[in-house]
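These notes open a run of structures that come right after.
In what follows, chain A forms one complex with chain B and a second complex with chain C.
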Partner chain A sequence: MESPLFDNWWGHWGVFTAACIFGALTLLLVFLWFDRRYWARFQIRVGPNRYGPGGFFQVLADGMKMALKEDIIPDRADKVLHGIAPILVMFPVVALFAIIPYANARAGLVPDLNIGLIYIVAISSVVGIGLLTAGWASSNKYSLLGGMRAIATIVSYEFPVVLALIGVGLMAGTLSVNGIVEAQEQNGWFIFMQPLGFLIFFIGMMAEISRSPFDFAECESELGCGVNTEYSGLRFGIFQMVEFMEGIFMAFLVATLFLGGYSFPGSLGTLPEGAGGTILGIGFLMLKVFIVYLVLGWIKCTMPGRLRIDQWMGFAWKGLLPLAVLNIFIIALEVVAFGGGADFPAWAMLINIPACVLLILLWSRLWNTGGGRVDVRAIR
Partner chain B sequence: MFGPYGKGIAKGLKVTLTNAFRRPITTQYPEERLTTSKRIRGVRLVWDKERCTGCATCAKSCLQGNIFIQTSRGENNDYIVDAFSLDSARCIFCGLCVESCPYEALFLSREYDIVEYGREKLMLVRDQLTRTPETECSAYYRPELEEQLPEQTLLIDREHKGIHLTFSSPKESK
Partner chain C sequence: MKSLEEREEVIELETDPYVLNIGPHHPSTHGVFRMRVLFDGEVAVDVEPMLGYLHRGIEKLAETRTYTQAIPLTDRLDYLASMTNNVAYCMTAEKLAGIKVPERAEYIRVILSELMRVSSHIMALGFLMNDLGSLFTPLFYAAREREKLLDLFEMVSGQRLLYNYMRIGGVSQDVPERFVKKAQQFVDEFPGYLDEIDNLLTENEVFRMRAEGVGALSAEDAINYSCSGPVLRACGVNRDIRRDDPYSIYDRFDFDVVTGENGDVYDRYRVRLEEIRQSVRIVKQALRDLPGGEVQTKHAHFLRPPVGEAFSRIEAPKGELGFYLVSDNSIAPYRFHVRPPTLLNLSPLRDMIVGWKLADAILILGSIDIVLGEIDR
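Right after this comes the complex of A and B.
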């Protein structure tokens, strides 16, 4: 892309900021429609199929309904914070799309940022603050409980996620997201190179974006609707949108960090130069995102319920965190022995995959969720 | 030997996946209709003009007092039915009138989706209730009709016997 528009820093910024925002919103519409049809299949239903081709306009109709509904603010709510909270939740999710490399180091807003992984961790945590603000400003104890649970989720699941990301950074020898994709182009996909890190990251991210079975910020059966309770109209719509956009972003992140991003699978070669390569790269990335999203929806439909709160915290602190530390330990030893980045040998997966299976089996003996009952004596 | 390492979740994922490839159980209602039970208590009465003697047993048995029947004396000292009407907005379709009719002149219909814009349109008078050769009567309390009626569509049949759903064709609007 040799053009004055893209070579100019501000031109690049303007084009890709617009592309990220509108691309994220368009993807949101498509995935919303797709989700409803896809989830319906798991329940032997058809899903919305009346308006437009395949029911696509149902999403627009629902969005319109949300926008036209009355916006109710509770009397005793903190009006300013109540208004700010949806924006606080929305903006980090859109901002996160800036870090994804779509086809090469220049396709994307800041894909080659040298602190890419830290950016992801830092910005995605802001969502939790937005949720707590929403819960607190609603002046509703159930909303506040939902907000508190959102914060608790993020605090406990951020640790394993960050540790899994450190494993990725160690193996790639860089924190730049584009550098990680290039390292995978040379060494092989990180889902095979460090399957344990992938599993920890996947579960942790599912909890962080409050997907089922970890949707503790908004547990309908326990907290009314959690942080959403006192929101209506467009603001409620924004909360719903953010939930979906986080899911889409997670699919992007998994596809980029563990499935090789825009690159060809395995050692089939690199993308060709020029516009053709760019389109091919975007196509590959979208294909991988779609596959990850299918798996996400599949898991959501399999487990519509939730863990109990002690099981859920125990799973993060007793299950995922030690495993993540051990994962880093193994990878660090390998990096010390063989060298990181481009030097990292692909046959290291022969060590890492058995290590993953062994550790999960060992942890299944050490840790359990309490056998389905709460010890009453401990509470008294 | 080992504890919860994800086997249960894998089993659950398998169950949902097999369900995802089944045919949807949804009936696209206005276009597709399942054949109802033979003995459905439909939301309309069917009145056989030939069999009716005007005895007004149905009106007496009606708990709501919905059935309005007016008779006059005929030439052979019998009843001539001058008016017969039913307020189907108040009717609960209990079928007591059908059960009480000594001459088997009343039936319940097989319709189940009568919708009108006004209450006054639910006031059914003589001609709307009269039985014609086209009228489908339910076999409720009239077991002799059962043979003529189509088999009910059971959704469960498709899975167990491999029978395809049969849909009755959409009704033409009046």
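Right after this comes the complex of A and C.
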């Protein structure tokens, strides 16, 4: 990849910004189509199969329908905030794709950013502001409740996610996302070296992106449509799109941080130089992203319900947060004791996998949901 | 100038309760039920149900029709269990006119009523899961089972939702030959599918966390509110009209009355699940004993029952369904009154919901298994 275009920063920026935006949108088509067909199989349905081969263009048709529909702004809504909320939700999700290394340190917008993990944490939280804005500006109680639930979820689950990311950073010795992939290339995938961190990150991230069954921003059965109740037309389409793009981004993040990113174990993993290696790396990454996305869809389809909001908050603060702290503690000790050695991955796996099982068993016994019926007279 | 302490009292954090209007076009109100709930944050403080969005004046309409013409109107009461509505109405009219029903028709009525109960309960479970927040997956599996039942009903009546199959003095036509075979096949296969649903959902951690203890109703309250059906039995009250006041030929069948303990959402779910198994048991026995013969007693085309009144009740899927008819010896009932189970099951709604959170309120409403066609009439 030593072409002049990529040595020129602005050329690099232009190419990869376009690639991030259009790549994300194209991926959306593929994943959304697959998601809908896959989801239908879980529900003993066929799914959309009329428009295009295997119903592939159904997503496009739906998007077009959304775009052509009337964009209704409620009379009592805050028109400015109501208008910019979808954009506030949209842009961080697209911006997050900048950090992903697709095939090497140069394939991607800024994959070698030295504060990569901090960038992820910071930008992904901006979505919450957009959701709250949408909920507040709609002048609808359902929207407001949805926005409040979304922000409460994001604030609570930010902690376990960040702490799980610290574990990754500690083990890799860098915050750069590409550095983390390279560390996994050397040591082994972090899903095996810190399974507890992986699980915490996975659950926390699902909560942060309001992925069903943790879709507290939407809560269809309770809040009608949550934050997007008062949205229609293209703006509603953007909210829907963001929901799926966040899912895809989460799959990218999990694949990159815990499943070795573009690297692959064995002799296949030694990527050749030049364009061939780049394409192979992107292929490996996409394969992993696809598998993670399948797991996400699987969880979405088979969970019989979501927790109540107080149980859900309790799960973050009483369940995931202490586990995440313990996870960092264990990993830090390991890094101090065995760090840098050739036997470090073996030790990490030997300690962390049993520790993960034991801690989860222990917490499932200790953890109590609490909540329950409130004495209403005490409130009044 | 106030002292700091006085000002502290003024700016003490106060929360304003707010009214949230749930329904009539909310996704989880099972039709057009509407309730205005006063919330303090997420906690429900007071509930005000508002009915009447599906009022069609069925009782009044029935008084302008002949006794037979009123049967299709009863279909539209509890439209998820039309057969049992037909049965309840026809039984009352037969009681009023003193008509005896042939043996075979009684068996057909029992078979179809119990299949209807299976269909109604399995949909109740599916919708309950939807209210819990699942993305339709359990509902589709429930609907798959209901689909087979609808095929059976279509076989006997030609309709899939509003059957209009029962007649005063029997049923409109004999069941086709293949119905018995298909019904037998269904009751043989169905328990396996039900076990599948049972294994997946009953012990599920998320479901138990959400449902156990939620919306608990004491047995005393349930009786005082005149609840019936699964809602009453979940509270531990052992009462089932099929056994306590046997109508039709229910005294010939062997089945258990299922009761819960706590009267919460989880117990209502379990009672429904177990009742489905008992219904399948009854259908098996009835199919085994199904006699031949007539299915319809001959009577005048325009029925003119003697002056008087009659009330009879059955154990419908959702509870005790009663019809009250007054005759003035004309071709139309003088008074036509329905005792709907779900309206009375809905009456303790406030007691159940107050103190629970928004998500629980939806779940509790779902666990009562309301059908608005019956509540508003």
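Definition applied: the second predicted complex is superposed on the first by the 356 of 380 C-alpha atoms of A that agree within 3 Å, B and C clash if a C-alpha of one lies under 4 Å from a C-alpha of the other, contacts with A are read in each partner's own complex, and residues count from 1 in each chain.
By definition in this document, contacts are C-beta pairs under 8 Å (C-beta built on N, C-alpha and C of every residue); 3 or more make two chains touch, one makes a residue touch a chain.
For clarity, every value in this text was computed on a predicted model and none was experimentally measured.
*Asks:* Of chain B and chain C, which one contacts the greater number of residues in chain A?
*Replies:* C
*Asks:* First (chain B), second (chain C), both or neither: which does A:68 touch?
*Replies:* Neither: A:68 stays clear of chain B and chain C.
*Asks:* Contacts for A:212 in the overlay, against chain B (first) and chain C (second): which applies, first, second, both or neither?
*Replies:* second
*Asks:* Which of the two partners, first being chain B and second being chain C, lies in contact with A:43: first, second, both, or neither?
*Replies:* After superposing on A, A:43 lies in contact with both chain B and chain C.
*Asks:* Please work out whether A:221 is in contact with chain B alone, chain C alone, both, or neither, and reply first, second, both or neither.
*Replies:* Once the two structures are laid over each other on A, A:221 reaches chain C alone.
*Asks:* First (chain B), second (chain C), both or neither: which does A:337 touch?
*Replies:* After superposition on chain A, A:337 lies in contact with neither partner.
*Asks:* Touch check for A:308: first (chain B), second (chain C), both, or neither?
*Replies:* Only chain C is touched by A:308; chain B is not.
*Asks:* Once the shared chain is lined up, is A:298 touching chain B (first), chain C (second), both, or neither of them?
*Replies:* first
*Asks:* Of the two partner chains, chain B (first) and chain C (second), which one does A:80 touch, if any: first, second, both, or neither?
*Replies:* After superposing on A, A:80 lies clear of both chain B and chain C.
*Asks:* Overlap of the chain B and chain C footprints on chain A, residue-wise?
*Replies:* Shared contact residues on chain A: 42-45, 301-303, 369.
*Asks:* Which stretch or stretches of chain B touch chain A in the complex?
*Replies:* 2-6, 9, 12-13, 15-17, 19-20, 22-26, 28
*Asks:* Using the touch rule from the top, collect the residues of chain A that touch chain C in their complex.
*Replies:* The touching residues are 39, 42-45, 141-142, 145, 212-213, 219-224, 300-311, 369, 371-376, 379-380.
*Asks:* Could you please specify the touching residues of chain A with respect to chain B in the complex?
*Replies:* 40-46, 298-299, 301-303, 360-361, 363-365, 367-369
*Asks:* Which residues, counting only chain C, touch chain A once they are in their complex?
*Replies:* Interface residues on the chain C side: 18, 20-21, 26-28, 40, 42-45, 129-138, 140-141, 144, 200-201, 204, 206-207, 209-210, 213, 354-360, 362.
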